[in-house]
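Each in structure tokens, the structures are laid out below.
In what comes next, chain A is part of two complexes: it sits with chain B in the first one and with chain C in the second one.
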Partner chain A sequence: MVIYGVYIVSKSGGLIFNHDHNVPRIENERTFNFPLDLKLNYENKKIVVSFGQKDGINVGHVLTAVNGGPVVGRELENGRDVFEFLEQAENFPISLRFSRARMTTNEKIFLASMFYPLFAIASQLSPEPRCSGIEILEADTFRLHCYQTLTGIKFIVVAEPTQSGIEILLKRVYELYADYALKNPFYSLEMPIRCELFETNLQNLLENVEKSGTSNV
Partner chain B sequence: KKQMAHSTTQSPIEKATLYVLSSEAKLMYGMLFSIKSFVSKISPLDPKEGFLYYKTSKYTLHYLETPSGLKFVLNTDNVTQNARELLQQLYREVYLEYVVKNPLCQLNEPIQSELFKLKVDELFKKSPLFLSRSI
Partner chain C sequence: MSRAGTKLDSKKVFCMKNILRYDENLYIINSELFTLTYGALVAQLLKDYENVEDVNKQLERMGYNMGIRLIEDFLARTGSGRCYDFRDTAEKIQTGFKIFLGITPTITNWSAAGDEFSLCFEANPLTEFVELPDHCLNLKYCNVLIGVLRGACEMVQMEIACWFVQDQLKNDNVTELRIKFIKRLEDAIPAGED
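Up next is the complex of A and B:
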């Protein structure tokens, strides 16, 4: 029973709230000999594994540290270029740390606005008339549940595929939103939610659901 | 009651084929392409197969992508199970047999073989999901 995260998207497609609940940290540190048996590429200001996955280091993982020192962009702490450093045989053996890239806030906002057209097209492509948008989207690693309220706000929960009773959880999150965000006099609609009460209550709710299911929420 | 509403096969799309496809197919291709990148970014763990299906209030869209980039899409109602197996069967037993092994069928072009259409129809009509509906 794992819930990975909760997102709330406003009527116009902007991300107004997100909460990472239980995102597993995937990190691997290995010692490598010359020549390196991974193909690394520089994209989106990160050094990414593009070929040669092994020992838990997968394609798409980002290089975070060389010999314990953090990597910033494509440079080491002392300003040296990582790719040049990795080409010189005298620097080996070398210890490299890789981790799965975590989403930055900007990426989350980007993804939330990307879900909006997907949701709309899914209802447009329907073989039957008067169809809703995406309610459940499943991949092999997670299941995304989306609940759209009558006012057009979307509540999205990303959880393990085996987790049941998310529909009830979504309704409860909606209740919390109505109670703690909308009744907050300092909150204006369509703006990001910054209400402490809402966050703490949501946190408690998610923990309860993870521990004992949705039977008593 | 017709249950299998729609099934398409698409090879990596080139301009020429794109021209032929209906606007709905283009829209669907664009949506699936975006879903793929959406899923790979939002996934908390390393995805292997990636996107499997999505469900709305009226229908479910099942998706299968082969390592060669071929995409199979099947729309069904919401109670259907194992549609993915059916898609795999479609790929293995119909597409490979009657398109790839047919020298007259050019890959990357719309499939025009009547035999293929017949076999697709046959496969769906004898599948348990279709039978359980029509009774």
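Up next is the complex of A and C:
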């Protein structure tokens, strides 16, 4: 029972809330000898493993540190270029740390507004009138559940494919939103939700659902 | 409002200790606390604006802002679906009054076209201790309700108009609220329902 994240998309398609939950942090540090037996690529301002996966370092993982010092973009702490550094034999053996790429807030906002037209297209493709749009989007590693309220707000939960009872969870999240976001006089509609009470209550709810299912939420 | 204030005697203050109680996911509060708070608000507005018409307008605007938020609470708790008929809407508005004010107004006086009806209140918690003084006979004391209804319906893509036809504060037998359907806000209907 794992829930990966909760997102709320406003009526106009903007991401107004996101919460990452329980995403296991995959991090691997290994010592390498010259020459490096991994193919690295620079894309999207990150150094990514493009080929040669082994020992838990998978294609798509991102280089986060060299000899314990953090990597920023393609530069080391001291401003040296990582690729140049890795080509010089005298720098080896070398310890590299890799981790799974995490989405930045900007990427999340981008994806949320991408989901919006997908949802609309789905409802237009429907052979029957009054189609609800995407309610479940399934992949091998996760399942995305979406609930759109009558007022047009979308509540999205990304969870394990085997997780059941998400519909009830989505309704409960809606109730929390109605209580802790909307009844907060300092929250203005359609704006990002920065309400601590909402966040803590949501956190509790998600933990409860993971522990004991949706029978008593 | 000062009249409503004098009704708050020591006995009542004493029982305010128990005003909060948790019941079926809803906080039930003593309606007197609510009545008096609303009274304080209206009285303050009268002081601030001095002009009764402005107070009416301001109450309506406040109600509107409450309505656009309160509708989510209503939908989340009742899980009710979209209305495709104004009679459904009438029943849901009635349920709303039950949930938020603890009263069940009666639905009457349907227009022939089915686009207009009245809600009649025998008792109204907002006006429980209220007598209108002579200088504000034009005050629509409960105008906040009109705003709430308009805001809430607008969020579910329905434009309505409502107004008071009778008012117990003005010596009518019942308080009658007339509600008229104007149009569906087609542009605002979320994807998948148009």
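Methods note: the second predicted complex is superposed on the first by the 217 of 217 C-alpha atoms of A that agree within 3 Å, B and C clash if a C-alpha of one lies under 4 Å from a C-alpha of the other, contacts with A are read in each partner's own complex, and residues count from 1 in each chain.
One rule holds for everything that comes next: a contact is a pair of C-beta atoms (placed from the backbone, for glycine too) under 8 Å apart; a residue touches a chain by one contact, two chains touch by 3 or more.
Since the model is a prediction, treat every value here as computed from it, not as a measurement.
Placing chain B and chain C on a common chain A by superposition gives a fit, with no clash between them.
In the superposition on chain A, contact of A:Tyr4 is made with chain B only, not with chain C.
By the document's definition of touching, neither partner reaches A:Val72: not chain B, not chain C. In the superposition on chain A, contact of A:Met191 is made with neither chain B nor chain C. Residue contacts after overlaying the shared chain place A:Arg130 against chain B and chain C alike.
Set against each other, chain B and chain C touch different numbers of residues in chain A, with B touching more. By the document's definition of touching, of the two partners only chain C reaches A:Glu175; chain B does not.
Of the two partner chains placed around the shared chain by superposition, chain B is the only one that A:Asp140 touches, whereas chain C remains out of contact. Within the superposed three-chain model, A:Met103 lies in touch with chain B and out of touch with chain C [touch as defined at top].
By the touch criterion defined above, A:Lys183 lies against chain C but remains apart from chain B after alignment on the C-alpha atoms of chain A. Annotation: apex chain A, arms to chain B and chain C, angle 100° (C-alpha centres, rounded to a multiple of 10). For the pair chain B and chain C, the least inter-chain C-alpha distance in the overlaid model is 10 Å. Note: residues 122-124, 130-133 of chain A belong to the chain B contact set and to the chain C contact set alike, using the contact criterion stated above.
By the touch criterion given at the top, residues 25, 68-73, 75-77, 79, 81-82, 155-156, 188, 190-193 of chain C touch chain A in their complex.
Chain B contributes residues 5-6, 24, 27-28, 30-31, 34-35, 38-59, 61, 75 to its touches with chain A in the complex. Contacts from chain A toward chain C in the complex involve residues 11, 119-120, 122-124, 130-133, 148-153, 171, 174-175, 177-179, 182-183, 189. Against chain B, the residues of chain A that register as touching in their complex are 4-5, 23-24, 26, 58, 60-61, 100, 103, 107, 111, 114-115, 117-118, 121-128, 130-142, 144, 158.
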